[in-house]
Amino acid sequence: MTVLDTLVSGLSSGAVEIVDLTHTLDPDFPVIVLPPEFGQCARFRMEEVSAYDHRGPAWKWHNISMSEHTGTHFDAPSHWISGKDVALGSVDEIPMQAFVGPAVVIDCSSEALANEDFELTPGVIAAFEAKHGRIPADSWVLMRTDWSKRSGADYLNMRDDGPHSPGPTPEGIRFLVEERDIRGFGTETIGTDAGQGAHYAPPYPAHYYLHGAGKYGLQCLNNLDQLPATGAVLMAAPLKIKNGTGSPLRVLAMVSK
Amino acid sequence: MTQPLQPPPKKNPQKRTQSSTRPPETRSRAALGLSAAAAEGRFALQVCQECFAVQYPPRDVCRACLSPELAWQDQSPSGTLLAETTVRTSTKLYFRDRTPWRMGSVQLDVGPVVLCHVHGDCQSGSKVTLLNRLDAAGQGVLLAVPEERTDHMEDNPQLRALSADPKHRRILVTDLRNPNTPALVKALLDAGAATVFVGESESWRPHDNRRALADLENVETLPLDVTDVASVQKLAGEIGGKTDILINTARFVRPGGVLERGDTAFAREEMETNYLGLMRLAQAFGPGMCARTGDGINSAVAWVNILSVHALSNAPDFGCFTASNAAAYSLSQSLRGEFRGSGLRVMNVFTGPTDDEWHQALPPPKVSAVAMARAVVSGLQQGLEDVWCGDVAKEIRDRWRRDPKVLERELTQGGEGA
Amino acid sequence: MGRRASYDGVAVTAPFSAPYQRYSIETAHWWIAKALRGSLQAAGLKPSDLEGFSVASFTLFPDTAVGLTQHLGLVPRWLDHIPMGGASGVVALRRAARAVQAGDANIVACVAGDTNHIDSFRNMLSSFSRFAQDASFPYGYGGPNANFALLTDRYMREYGAIREDFGRICVAQRKNALKYPNAVMKKPLTMDDYLAARPIADPIALFDCVMPCAGSEAFLVMSVEEAMKRKLPFATIGGTIERHNAHAEDPIQLRGGWTLDKDELYAMADCSPGDVDLLQTYDDYPVISMMQMEDLGFCEKGEGPDFVRKKDLTVDGDFPHNTSGGQLSAGQAGAAGGFLGLVEALRQVTGTAGDTQVSDARVAMVSGFGMINYDRGVCSSAAILKSGGA
């Protein structure tokens, strides 16, 4: 039996389960909010072209529009200024091997419940490794906060001093990138950075360090509570957009039961 | 004496909605001058530019000297009620549904005799003031009212039919996030609106106006994003059947012309909100409102757009924004044509720079939220089609009317070189 | 202004009234042809004997007199189309008379007719005149009812008329109509009925208004020699007048154009009001009949109410008025309403009026009034007809 035969039989027997890590693309799903004089992330929009009617008698279809960074989405290195010169840094160039690979899940959900500005520090990572072993190189690291269970205003959690949501410190993300050489970093929040990430040095450290090092980001992930700490395999292939800096995508995880 | 209008009872679901009927619409081209003046609430008549004879009914040449030089000029609206009748039967359904209907003959102080509607509080043979108002056919008609205000006079059915009075009506203000919205909502409530629905986009993004409106009675905040067709359709499904007046305050504004911006991202947002947003609202709410223009005291009556006066002639400092407003203005004219058959009016409120975050750099005068609210409410009460809000808007209007090309040239200065 | 030439040598003859119908499925063409045929038959003429043809109608659209010539197979060498509503009978007469005198046409048929479909009246209102469209109909769309309500309101307040005064005119006309077989109204009308009637446009109530109907009227104009040769009873024309847009400066119409021309009319006819044996006014509303009594000199301005209180307006009375019932009781057959009084007067002075015959009727005054262009009737006309023998 080939590896794939084994996989297929695992899938059909239920030994391998598929978990959908994606939020539904919904016009009212929050997106990142920047000061209004800056360009803004487009919300998902869908307009009916026809619905079995005078505009097209036998078919229904929609035109959709959105940003590369709307909904559950993938960040390519070229998204950030630090990654602008990274080779193969846009979604259409990224080697496709990067789109399927292992994931580890750092469970910060109880901490995030207690502290909406919870920071992923090297200490938190060390504690994870103490329990689950060293994070393998070239793996996705997903920060579970159960933030995906929030909705509406609680999800963006915007206040007069900006949004509040958990994320990595500069040191935390540098550790993952430089010490563990991860493939990418994924979160349940609107960005890979904390809501208050603008106030770190450098601002938005996850974006800065990940993409500067040619690593990838995944955000607005869902259902991370259904993944094991280690052992899941992620399938996260962005749309092949020419010179794209990211892409909405369907993120699936394969989990052994 | 006018009886105060009582809030209408809840609709009887077993009764068929009164269908929309209209008074006669056909007019000669000359007579449309009266409608043009009524659109702004002015009482104007043709005056011969050679012999200065005041004319009525509207005509093509002077009745005194045969000069073709007739100009519409504002006139004193005072006159004396010569004769009156109460029409109790009419072959026109609009009036048949509304009899008894008082009309009469008034000798104007400026000369001509006019046939007109007569307010119930006018005494036989008394001095009267004529209002020139748009009727449900969108044509200017004259109504004699008492010289002195009488109690509840605007509740007279004939006067109310010539207005879009917010009193007892349910009004949708489409954008909670517009800085002018709280003052507008307050003014509508003060004018007797039964309910003000306020559309809120992206409720996941907090806004001070939500708090400002939270404590007001008879205000309901509901989700509405004019850039999202599903959201617009959903709200229309919920409240479209009881939206009597729709005031579109949704606006996306950023400074800048074409070169300064260098991309089309904001322009797209401007078109999505200011132009396509209007279209989405009209497609979702328009048919239902058109079907309810005959629906009693709280019938559907008006659609209000708030536009930059530079929709008439572009202001390059806000070049892309004003282009989207020009598109919206043009679309509002299409809507006028499409709504006309139902009697639903389209009122455009043209403003100069508004006193908000996006016009920080502009010198005064700027239109305050309170002034804007006052203009909208009084425009509705007078049933206007065109409201010019603030000194800048009035000035641009006057310059545009004098010579659009001269105005354009003045608005597009290149600055003095060396 | 020179003195007008007389109408010597002109005969008016062969009156014909097609019985009116409240509603008709026929066309104006049909009704006009019916009256034309009736009048020609009365005179023993064939259509080919006609040299002149004059038409008045509101419901001929899209045709005019021109289209009718082809439709009816006529080859006139003189053709006229009179768009003057209630004034059209007299105007048709005076033009035809001049044509006969001048030799432009030897025999002229003057015909008015209209049909009345269920929606005819509404359609006619909607395209009546530009000023009415622009400045009258938008105000309640009461049509002529509202216009005449205003005039009546003003007249009552100015001259102290009360509703009974107008009622006298209407009640007397109904009595006359009951003797006139073609009338639409067949039931007696009492003053109580009149006063209790449903209000239409205050102070006008149901019996102040005419009943629109279908019908047609016709007469022939020819030389006296021609009439005598054919042994036709005929009338001669004492005089005629017409006037348009008179007294435009009056803020509201309390008098008509007759006041400008009546003295000349009586001078031409060599008679005075006292010589008139019967009066046919254009009675679209009773106030207008009262106005004509005043403006044609039967009483002073403002004395109309008192005049009708003192006079008996019936066929047998001391001031026979609208002896066929007028439009108020015979019905208003569109433009034929402008011919009704003239055709009836012709029957009267030729002694052929049957049950409505006024005894010793020798001199008849016929008055016309037409076209509420905006706030008042614009056209006025009148003629004095005299018995011409046969």
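The letters A, B and C name the chains in turn, as written, and every chain counts its residues from 1.
As a working rule, a residue touches a chain if its C-beta (ideal position, glycine included) is under 8 Å from a C-beta of that chain, and two chains touch if they have at least 3 such contacts.
None of these values were measured; they are calculated from a predicted model.
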With chains as vertices and touches as edges, which is it: line, ring, star, complete or other?
-> line
B-C versus A-B: which has more C-beta pairs touching?
-> B-C
Chain nearest the overall Cα centroid | B
Centroid distance [mean C-alpha coordinates] between subunit C and subunit A, Å = 93
How far is the middle of subunit B from the middle of subunit C, if each middle is the mean of its Cα atoms, in Å?
-> 49
Hey, which residues of subunit C end up touching subunit B in the complex?
-> 121-122, 125-126, 130-131, 133-143, 145-147, 149-151, 153-154, 157, 198-204, 248, 251-252, 374-375
What part of subunit B is in contact with subunit A in the complex they form?
-> 202-206, 223, 225, 227-231, 254, 263, 265-266, 269, 357
Contacting residues of subunit B [partner subunit C, same complex] = 23-24, 26-28, 30-31, 56-58, 63, 82-92, 94-95, 101-105, 107, 113-117, 124-125, 135, 137, 139, 141-142
Subunit B-facing residues of subunit A, complex | 27-28, 30, 33, 36-37, 39-40, 43, 45-48, 151-153, 155-156, 158-159
